[in-house]
Amino acid sequence: MIKYNQIELMICVAARNLEDGATVVVGTGAPCAAAMLAQKTHSPNLCILFEAGGVAPNLPAMPISVGDSRTFHQAIMASSMPEIMETCQRGMIDYTFLGGAQVDMYGNINSTMIGPDHSKPLVRFPGSGGANDLASLCWRTMMMTIQDAKRFTNDIDFITSPGYLQGGNSRYEAGLPRGTGPYRIITNMAIMGFDDTTKRMKVLSVNPGYTRKDVQNNCGFELIWADSIAETHEPDEDELRILRGKVDPDRYIIGR
Amino acid sequence: MTMLKKKITNKDGNLKSGQNELFTNPDADAAREFFRTKSRALKPKLSTVEEVVKNYLHDGDYIGIGGFGAIRIPTAILHEIIRQKKKHLGFAGHTSTHDFQILAAGECFDKCDIAYIVGLEARGLSPNSRRYIESGKVKITEWSNATLSWRIKAAAMGLSFLPARNLMGTDTFKYSASKEIICPFTGQKYMAHPALYPDFAAIHVHECDVYGNAHIYGASVSDQDLAKASRYVVLTTEKIIPTEKIRQNPEATSIPFWCVDAVVEIPYGSYPGNMPYEYFSDEEYLRKWLTIEKDPTEFKKFIDKQIFGTKNFFEYLELNGGMEKMKKLRAIELLYDQK
Amino acid sequence: MTMLKKKITNKDGNLKSGQNELFTNPDADAAREFFRTKSRALKPKLSTVEEVVKNYLHDGDYIGIGGFGAIRIPTAILHEIIRQKKKHLGFAGHTSTHDFQILAAGECFDKCDIAYIVGLEARGLSPNSRRYIESGKVKITEWSNATLSWRIKAAAMGLSFLPARNLMGTDTFKYSASKEIICPFTGQKYMAHPALYPDFAAIHVHECDVYGNAHIYGASVSDQDLAKASRYVVLTTEKIIPTEKIRQNPEATSIPFWCVDAVVEIPYGSYPGNMPYEYFSDEEYLRKWLTIEKDPTEFKKFIDKQIFGTKNFFEYLELNGGMEKMKKLRAIELLYDQK
Amino acid sequence: MIKYNQIELMICVAARNLEDGATVVVGTGAPCAAAMLAQKTHSPNLCILFEAGGVAPNLPAMPISVGDSRTFHQAIMASSMPEIMETCQRGMIDYTFLGGAQVDMYGNINSTMIGPDHSKPLVRFPGSGGANDLASLCWRTMMMTIQDAKRFTNDIDFITSPGYLQGGNSRYEAGLPRGTGPYRIITNMAIMGFDDTTKRMKVLSVNPGYTRKDVQNNCGFELIWADSIAETHEPDEDELRILRGKVDPDRYIIGR
């Protein structure tokens, strides 16, 4: 059996969701690695965009900022933030990845603050950045995160970026573009999607080494389950070879 | 294409508003009154950081900073703002990272429009910036990167608002100052984002002429709009170029002269930030800030030495490695091995 | 800056609407449904004028044409549209001059959004175009150049409308399909201009790669927005360049590949129009059109010979002076004396 | 006495209204000539813009279109139509010049059509082009035109571009930017401004060779008159020399 760590697994799973010819806005770190891995395996024509303006660069190294030189190195375009965000708003961007301190059962994400009083936060995080925009405007939002019951909670202190809001049709009633929303939550323990009707988070597969019980115990709300739960497909040798050798040879991300 | 026939009912009663404070006046006519008398003359505008911060920035003003936090930032102007102890500023926190660190170190602003603050992206969070925001001394209103971009764009277009399809349904909206509106054609709900006309903007560019006609290479972020939206605009530039170079390639002009009030030539002016195609960010130095910030006393000493202790940007560069360091950062940027 | 405190009263009862027909659906979600499945693959898209007009343009579609009437226009596509006898098109008359003449000669459109039509600027008015519009065969809605620009920009931004401060109080508004709205922040009256998402756009560019990444030199008019706003986009280009040339200078990309469905290489493709930095307009030939148009019978013969009688654009160029003429037009453009 | 024709007079008068350091959007023909003349006399730093995107060109010849190569020859910027129009909307453009088939006592201009039925015009003109926009958004609108009672009429068939609409405060009540409006109407017979309160067209000076009676007889509505009416200052030798020798040596415009 091949050895891999949990971040490597999450990156490989994320990469598989990015089909050839799709567009994806990524941040730094694991999402960027996932998109690069997809390009170097099954999706050579995956178009990677960065919110500060970079479009389809030949990435020479892992970017340290979503606006640094790497994000438009030999790129198709070095444009602007409005250009990227309006491309999302027009419906041309298929995927994005977000992170956050908390996520609830409808895929709503908090990256703003912890505490009961917004004007005097107990813990202040950076805020939305482009997250609210990408979650609102791209077709499918994905999240890669370590799973624990504090992070996966319905007692979310602040909804920074919209998931399915209060579930059901509430996202579209709020005015957000039809057909958009959270698509996959990829954790160290499982892969989740969302129920078509209720929009509740739904486990699709459980990662090797974890049980259904682990997944539920490390989640602060009740998960629902797909009719048939497969075991998540492990990273294969090719994926790991390319991820380790070509995507992140310095182990900046997979070494964390 | 069929024409839209459906009758629209404007359900104004149900439209929500963000509850936080709007720090600037979005009124387009008020901005026009200013722009009516702003000089459009094609005259030389060379100045110094001391002069521009003294002449164009006043306590209580609202400021916008070009670039992207630690990329193409006007570091010399940021240093001078805290050197001149400007206070009670409003600040557009539009992916502000190292710029935020500097201004937070001087406690220069007490009103902040937030899209992205207190972090340095993949580098981690800034302890001092967090202390400042968590102290409650700063009035904050929440937005997002696109929202601040569009608020600046609304101003650049001479409007008081722009419609958009983000923020809806979230607490980011609740603690913003945006308002829901209804599209009169489709009946769809939109967000109206209020125009942001800053009093002062500083933008670092690759090259410009003495009149302020500027070229920016790489991602422009929101700087073309920021230059138009702001009442006073100061450029720092890696180098001054002859106007002929602007006129040889008029489709490449990023910022035209009439937006610009002053120009200061500052080689390596984005240090410790990245300047695309010129030099990479000094990651070691940025890590040092993040580490020293953990201890407020040490951090104060550090700032005293780095900013108050250096009389200008040349001294600051010298203190941090001078030309030899710059050569190293060029090698990283241009992806060649340093000899 | 003081915050705006005044309470806004939304006087919806008094808001006026333009009374004419809106020929296209401004709904952003309907456009998004299309863009969701539009190919974003970086694949070669070389085609021919025959194919692109056959495959991407259908009777009843709404079309937009790049350039500025007799500057940087996709003449070969315009000829092919009348050759293939496309009918019942809707047309965005956004400073349309020679493009309008060609399509009016074929009576290809019967719905027209008007900003500027039937004239050729300083050259005078087009008799045949006037006859066609004065005949009443064409449904017309009035706008202005900025309004059409902003309607296209609204679509490029993925919106259903943009606010603006023009048209108000005029008959241009009365016969438009815009609507008054109230700014929720200032209480000021604004015009809401409905987004314009054309079904088909043809744009002539200086150079592009086989994927459709394009460079435009000189004034871009509204073409960057038109490329984004339109469902299908066809580029004609003076020349194909290697993708490396795009990637060497990513800040200069005017149109990215994902907007583009087909690319046709047509040297001198803007003839008889001006191509900035390449060749000037053929003023003698344009005057000939205006003169011949006075007599409908003669004009029909002229069109038969010029368009139906030439099997492609090379034959058309040959008929009108070929390379020798092109050399003369280059000399005028580049301001040197012809030897 | 210097000889000059009426178009030369109008161009010289228009040029004098363009002070150094101002911005002006012009079309082809006489307005462009006036702006070029101003640049070559008292306003070397007059910034000339064209609506298709050209900014501050070194004009090598008279443009034939407001978008042709001449309009951005060695220019400061070759931008776009939205860029120019938004610069106007932001309040950065001081002057513009318009033409038209009809103008009324409040400076409203028709360049769209003649006839009672919009859908079947007796005579169709090009329409607004950029005229409505420039008249709405620039601070001061000027018009250069030959004066006759058919053109100067209150029976205007179509208001293409706004003047002071119905006079008084009606322009601003309609929502147009405060402080904008028609500034000068320069004809072969006189120079008119507008009354501060009523916004009616008001004669400021009468051109040499014409009487007050000529001016009123060639106007379809009642003009009002400034308290003191001067004779319009004639073109001086320098102006004519530069206009004929450097601005329009081929007499494209002044030879009409």
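Observations on the model:
Going by the order they are written in, the chains are A, B, C and D; count residues from 1 in each one.
Note that contacts are C-beta pairs under 8 Å (C-beta built on N, C-alpha and C of every residue); 3 or more make two chains touch, one makes a residue touch a chain.
Computed from a prediction, not measured in an experiment: that's the story for all the values here.
Annotation of chain B and chain C: jointly contacted by A, D, touch as defined at the top. Measuring from the averaged C-alpha position of chain C to that of chain D gives a distance of 27 Å.
Averaged Cα coordinates give chain A a centre that lies 57 Å from the centre of chain D. With centres set at the average Cα position, the gap from chain B to chain D is 39 Å. Shared interface positions of chain B, i.e. residues touching 2 or more other chains, are given as 28-29, 158-159, 164-165, 188, 190, 217-218, 220, 250-251.
Residues of chain D found to touch two or more other chains are 54, 72, 78-79, 89, 137, 177. The touch graph of these protein chains has some other shape, matching none of line, ring, star or complete. By the contact rule set out at the top, the touching chain pairs are A-B, A-C, B-C, B-D, C-D.
Here chain C touches chain D in the complex through residues 67-71, 93, 95, 97, 114-119, 121-123, 125, 130, 133-134, 136, 139-140, 142-147, 149-150, 153, 164-172, 175, 180, 188-191, 217-225, 274, 276-277, 280-281, 283, 333, 335, going by the rule given at the top.
Looking at the complex, you find that chain D touches chain C at residues 27-29, 50-54, 60-61, 63-69, 71-72, 78-82, 85, 89, 108, 112, 118-133, 136-137, 158-162, 165, 170-171, 174-177.
On chain A, the positions that touch chain C within their shared complex are 20-23, 45, 47, 54-58, 72, 74-79, 86-92, 94, 137, 139, 177-179.
Chain contact summary for the complex, chain C toward chain A: residues 28-29, 31-36, 38-43, 155-159, 213, 228, 246-248, 250-251, 253, 256-258. Across the complex, chain C is touched by residues 1-4, 10, 12, 15, 17, 21-29, 60-62, 90, 158-165, 179, 181, 183-186, 188, 190, 192, 194, 199, 216-218, 220, 250-252 of chain B.
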